[in-house]
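The letters A, B, C, D and E name the chains in turn, as written, and every chain counts its residues from 1.
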Amino acid sequence: MAAVASSPAAYGGASFLGLLVRRKTVLFGAIILIVVVAAALLSPWIAPYAPAKLSLANRLKPPSAQHLFGTDDFGRDVFSRVIVAGRTSLTVGFSVVIVSTVLGVILGLLAGFFRRLDGPIARVIDAMMAFPDILLAISLVAALGPSASNVILALGIVYAPRLARIIRASTLVIRELPYVEAARALGVSTPRIMANHVLRNLASPILVQGTFIFANAMLAEAGLSFLGVGVAPSTPTWGTMISQGRQFMDSAGWIMMFPGLAVVLSVLSLQLVGDGLRDMLDPRLSKDL
Amino acid sequence: MARYILNRIIGVIVVLFIVATVVFVIVRVTPGDPAAVMLGPDATAADIADLRIRLGLNQPIPVQYLYFMGGLLRGDLGQSIFLNEPVLTALGQRAEPTFFLTIFSILIACAIALPVGILSAYKRGSVFDQVVTTLAMLSASIPSFWLGLVFIEFFAVKLGWFPTSGYGGPGDSFLSRMHHLVQPAVTLGLVNSALIIRFVRASMLDVLGDDYVRTARSKGMGEARVVLKHALKNALIPILTVIGLTTALLISGAIVTETVFGLPGVGSLIVSAVTRRDYPVIQGALLVIAALYVLINFAIDMLYLVVDPRVSY
Amino acid sequence: MSATPAQDSAPLLRVEGLKKHFPGRNGGVVRAVEDVTFSVRRGTITGLVGESGSGKTTAGRCLLRLVEPTGGKAVFDGVDLFGLSPHEMKAYRRRLQIIFQDPYSSLNPRMRVSGILGEALDAHGLARGKQRPARIAELLTMVGLSPEHARRFPHEFSGGQRQRIGIARALAVEPDFIVADEPVSALDVSVQAQILNLMQDLQQSLGLTILFVAHDLTVVEYLCDDVVVMYLGRIMESGPSRSVYARPRHPYTKALLSTAPVPDPDFKRERLILNGDIPSPLDPPSGCVFRTRCPYAGDACAEIVPPLDPIGPSHASACIRQTELVAAGIL
Amino acid sequence: MKHGLLGAGALLFTSVSLLGSPAMAEPVKGGVIDVATVGEPPTLDPMTSTADLVGMITQHIFETLYTFDKDWNVVPLLAEAMPDISQDGKIYAIKLRSGVKFQDGSDMTSKDVVASLKRWEEVASRGKQTASDIQSIEADGDLGVKITLKQPYAPLLSLLAFNNSAAIILPSDDQDMPLKKVIGTGPYMLKDRKPDQYIQLVRFDGYKSRSDAPNGYGGARHQYLDEIRFVPVPDPNTRVQGAIAGQFAYADSLPVESYDQVKGGKDKAMILKPFGWPVFMMNTKEGVLSNLQIRKAVQAAMNSEDMLLAAFGSKEFFTVDGSLYPEGFAWHSDAGTEAYNQGNPEKAAELLKKAGYDGKPIRILTSRQYEFHYKMAQVAQAYLEQAGFKVDMQVVDWATLTQRRADPKLWDMFITHSPFLPEPALNGYMQDSSPGWWATDAKHAAIEPFVTETDPKKRAALFSKVQQVTFDEVPMYKVGDFNALAAVSPELKDVNQASWPYFWNAYLQK
Amino acid sequence: MTDLPEDVILSVEDLQTHFVFRGFVARSVEGVTFSLTRGKTAAIVGESGSGKSVTSLSIMRLLSSPGQIAGGRILYRARDGRVLDLARLSAREMRRIRGREIAMIFQEPMTSLNPLFTVGDQIGEMITLHQPVGRAEARRQVIELLDLVEIPAAATRLDDYPHQMSGGMRQRVMIALALACRPSLLIADEPTTALDVTVQAQILDLLRRLQSELGMSILFITHNLGVVAEIAHDVVVMYAGRVVEQASVRTLFAHQKHPYTKGLLASTPNPGRDLAGSERQRLTPIPGTVPSITALPPGCVFEPRCGYAIPECRAGRPPLFPAGPDHFSRCIRHEIM
């Protein structure tokens, strides 16, 4: 500690500065994210057309004043569909975060805190990690059937071990820290130590990981839909829209381009925000800047 | 040392056993009937039932599990239902494009990520660093299939530099086959380079702050030598892990990329096996890839024994 | 052990044959603490001194069962702590507390000071409801902080202030006995003195009994009534500070004392500089563990594990050549 | 497919088009073509599969006794001529061509034919259907085969001519199930197969072609090309891109949306017209649609034109046609078609009310294996919902669909499509056992005379009655006729527009 | 540039080292001035945050970004007799000085050696970097150096990796490394802080012996006044980036002319002092804590903690007053001390 104290980083404000340097990009990310989320949440009110309304006379119209993002092969308004699809895509991403966090936290805490459980859980985590994410998700979705909830479950299972591993590792570290020893010396119960000391200190890594899982899950959802093993195609998500728009890639590129852009922007904004959060919350990394 | 290696090997076996069980379970709960797919749309129910018996699909699940595990112990991954050949053969036939795709894309990814990541860490906070970090993040935000489609559209269809898909015909030279791999490898390499850049940067940042780097500088050594000899060698240990893991995980990217580029590799085999309900192939491929991952991990651990003198237990 | 007239005669804590072994790599055993026996008199401060690897910290933690001991007894106020079930031990956690070395990692960065102290109170159902803020304020005042500090997070404090919070946490449950694990070694000299004085004051005003674990003999000399010197898991010498410092009866204690830097350029003394480094506790030397660095080691030292022989009032030394060396004027 | 130096390539190309345009150049022998197919065939044994892809590839290797000419008439292939049929229509005497060699060099004799036909009865789904009508198959000398039926069965020759679930002729000692060796009598033989990569066929030098002029699948089969490679390209867009880039000599089954791009690319667009008919099959056995009135309501609600427009985009690719066979087929008829393409949700609603529809959702099974199925399903859903139906659209993969449709409890409607089979009796709906399980007295009364009648002219009239019943009882809703899009290299000449494209008689003109 | 007295090897004049962040500047070293006599040991003593380590890194020009020398001179007399201002030397010239003429050892022997190279390689690298010698000769010199720093069985230990050595051994290796090119000046940044007392005594002895044998000058950075008393000839006391007092070691320990130095000494336990009676002797700590370098009080930076403070102390930053022969104090009240 004495060494840290004499290093320049300790001269105050370094972690704050870390964020300052990146503030413009983090700010940019946060703004996009807010816009995307707001558009998705408010879609029933701001969508100019009913997203499922067929109008075959209006097929494949390029972007115009009436149809900002053009129309698709059923004559549906792409703009309306993009913002409505955002609801599902974001819900899928967010739910994956919830599922994997709950699973990951439980597994990671148990493994990190109880030596006897550590071996078996660590092995299962290792085994699950051995499956490439898309591969495992494909197999699970194929097994469970293509629906939004199954995609959520599958991706949740896919990302849970990654989170569990991080949580386990941090728990192992935190478990040995003096403040946990102090709590044990005081006779604080194990569940309370887990909640007060371990979980509370894991909140920020979990939050940071959560944003990355969110981003990855949205990419994975798009990939699964592209491979035809994602959310049921009747449910509009950005992934299914890209997948369906692909056949019009040359003739009516807008059908695929706008949901694609929505994916890229949302994933990018999540990563920017996640990175910013990490800089702010992880003192080890923040001293880099 | 021997004890350590032995322990690791036992660990690997346990993990592989769990992997095999997970694979079996996943595949068995999958709805859809391979027999119906094989026989085509006009097949009768009786035909399908016959085929199910021939394929052993009528056996109780635990019996199928025992057969499956027994087969694994003999190194037998089973027989592909659809392709009518051993799964191992089917995988072997498709290994080449996937192998080269993986190798090339990891090489491309490293060729981009190492210099850029090192420089970005070295000049942290600079305009270069910020541009690189943002670009890396952007390219990690682009779905790889999208990037692949754009490449095909531009380089293959518009410019005609590369074939749009496939892996060459019979008798095509090795060079021609590699020509088919350029676009997929670049796509996959680019997407993965983003991840490696971030990792290289972070590891280098960690290492550049280490005391022995300062010691090296205090010797009066040039910066290039300080960074490339003293810092990089230390950063390389975690970087190696990530490159190793990325290599294993590239298979995942290969699934999408091979599908986009119509490469007859393991990835597209898996996708088609899923639509064909070719259980043994899905099983086998999942297992082989997971095993590869575990083994690469193991190899990296063993590599540590060589690279890092501190790991000597 | 005979007591000095000023203090209560029965020791509050008597440690007997304490052992702690850790599994080492390749199936080896790290003998971190081996056959350690000493007493802590009620209302006194006992220093447990040793260099890194001496097992002093492990010994301290074993007493609170933060590390489960491998063997031995720790009789606290008539009860063997090592024989208690985890549930029974909980009651004793109110009576035995610990203060840590690192003022940074010993406070949960995500908890406010009020939470940190509150957790201690909650653990034993103390100062519930309205009494709590008052008690927290009281504790803070006791350690020289102000009640307003309760709302702050640990990172808003300096190292010395954090150490005060750590002390307040230990005091929250009104313990009789405190293990202070190198509480000042991470602090700057000027702050170190503040904390030492605080501990002295608290010990006197609250009648605490303290086991002060330290590597710095000079600090221990200031603070402690008794001192126990450890080396490689074993006790080398123990006794009242005054006699140990005035006349060390073990070559290791002598070396420690003679090499401690003295802030006086004119201070001249005979220095006993040891050879080499502390051996690995995984493979300690046979016989006397200190013999590999001892300038006076003889052949017998490799054979016999020296017992801790009494050599004066409450003073004991584990050196088979002790009498010889005293006779030769070396000790 | 490689290009030379740019300048030289451009020059060559011009000269080709100059030479290529006038009437008919002499076919040239030689060359290799890549044919992009929709995927990897599950098998190379066309007896065991009804998949179009299997038929398309294996027809180059294996041959049947009969085949179809360009007007879908049955014509002899390995048989010398059309069979002698006994007066009672029960005995077919078939004379084989002499000198036909298998690709392993052996001669084809009646022994091989009898063994192959017996195998067909056992393993092919069409063979199994027919087996119940066949009493015996016997050799009659080295080059004669006699098939005896239990009762007259008109579709027999068409069945023998079919190229999927096909009655191919294999050597008598190569009848394993599954097939061990790929040895046929066709103009091309298998050289190498790399699953998911290519199937390489090379000219069979011992091939004995018929001497009569080429006519559809019949007549002489010239082997101009040295080599034909079938390259599986499962992704339709990838096939399109390959066609635009000129990577394939022939690209099969392109999405019709890509017509404009393909036209602008290196390969020529080729419309296969008429290609087939999409259909909504209904579950007449169980569930909501077992009620005829409700099926009628579905019929009334459907708007074929919108469905076809959504599915096939441009008018060039579909015809709004309710007849089970389009114009040009002998089976074409207008019987009952007034019930087609009503697009009348109000009427449907009224019918529903009368039928006492309880709002139980109708489950539509569809897949995205064929994008147009899914698109039609979406339009259908919109119209049905307008009529007051509740719709539960289940988009599954094709494998799941084929599995689920076998269980009457799982669905009410599923979408499929079919080519215009030359023999109507081969259509699924004609069988009681095919999913949908349409089996009524009215149906049987219409079909029975049709399958036993052998006179083609009378059969056409009898078929219009079958069609009438399908409109009356609504076991299915035929959406219309659709055309398929393929792309052909401008250098590849004489490729016929066929449902199952074949490349004998085609040649490369450089 | 030649205004350096003959016996002075290093003279730091009004050194300012700043860490420039976006938005503010941390003035870690502000106007530090001292000089080091050839062949002698000067100690810079101070608590954490005093700027002592930054000063040493500034001299070596090893500051990591965003640290930079913002002003002042660092005059150094090179072997060839030239007087160089290290603060303005080009990076290339500085590299020729580093290691060859000025070498440095650091506080953490555990982390200052590269874990992936053998100690022989790391010392050998220093030799080959500055001398045109081959591998065999370098190896011979390495063994010689390891012998010099009293590492037993030097010929075999040089193939060890750092992790195979104890902390004391590693610090000896660091010293051997620093001595490889027989530097004129050795900067030792808290070289014994991480070591146990018994090992610290060994290292201090070694440094003393090496100095007398090799005649080099040593700049010794420490926070421990006891160590200062043992090793230094001259002492510079730093507080909050400033030199507060400077004197020869005897003068300083005898008469402190700055309240901070006085307080520091009063806070330091003095072993072996007679503990009169049964009353334990109390230390006299300095109240309060070291201020943050970015939030310094106005006036004298020590004023808020100072027992001698008067209102005038807040008026402005006091200069360094001469307080006796070769004795300086940054206290307006140094006379009453």
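Just so we're on the same page, a contact is a pair of C-beta atoms (placed from the backbone, for glycine too) under 8 Å apart; a residue touches a chain by one contact, two chains touch by 3 or more.
Going by UniProt, the chains are A, B = Peptide/nickel transport system permease protein; C, E = Peptide/nickel transport system ATP-binding protein; D = Peptide/nickel transport system substrate-binding protein.
Since we're looking at a predicted model, the values are computed, not measured.
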So which chains are sitting against subunit B and subunit D at once?
-> A
Greatest Cα-centre separation from subunit E belongs to chain D
Pair sharing more residue contacts (C-beta pairs) when A-B is set against A-D | A-B
Tell me which chain's centre, taken as the mean of its C-alpha atoms, is farthest from subunit C.
-> D
Averaging C-alpha coordinates per chain, one finds the centres of subunit A and subunit C separated by a number of Å equal to 49
Cα-centroid distance, subunit D relative to subunit E, in whole angstrom | 90
Touching two or more other chains - residue numbers and ranges from subunit E | 48, 64, 108, 223
Give me the residues of subunit C that touch two or more other chains.
-> 159, 188
Scan subunit B for residues touching two or more other chains and write them down.
-> 31-32, 124-125, 149, 153, 209, 259, 275
In the complex, subunit A residues that touch subunit D = 52, 54, 56, 59-60, 73-74, 145-146, 228-229, 232-234, 246-251
Spell out the residues on subunit C that touch subunit E in their complex, using ranges where they run on.
-> 6, 51-52, 158-161, 188-194, 196-197, 200, 215-219, 221-223, 242, 245, 255-257, 259-267, 269, 271, 273-274, 276-278, 293
Give every residue of subunit E touching subunit C within the complex, in rising order.
-> 47-48, 152, 166-169, 196-202, 204-205, 223-230, 249-250, 253, 263-272, 275, 278, 280-287, 289-290
Could you please specify the touching residues of subunit B with respect to subunit D in the complex?
-> 31-34, 36-48, 82-85, 90, 93-94, 149, 152-153, 156-157, 160, 163-167, 169-170, 259-262, 264, 268-269, 272, 275-277
Show which residues of subunit B lie in contact with subunit E when the two form their complex.
-> 124-125, 209-212, 214-222, 230, 233-234, 307-310
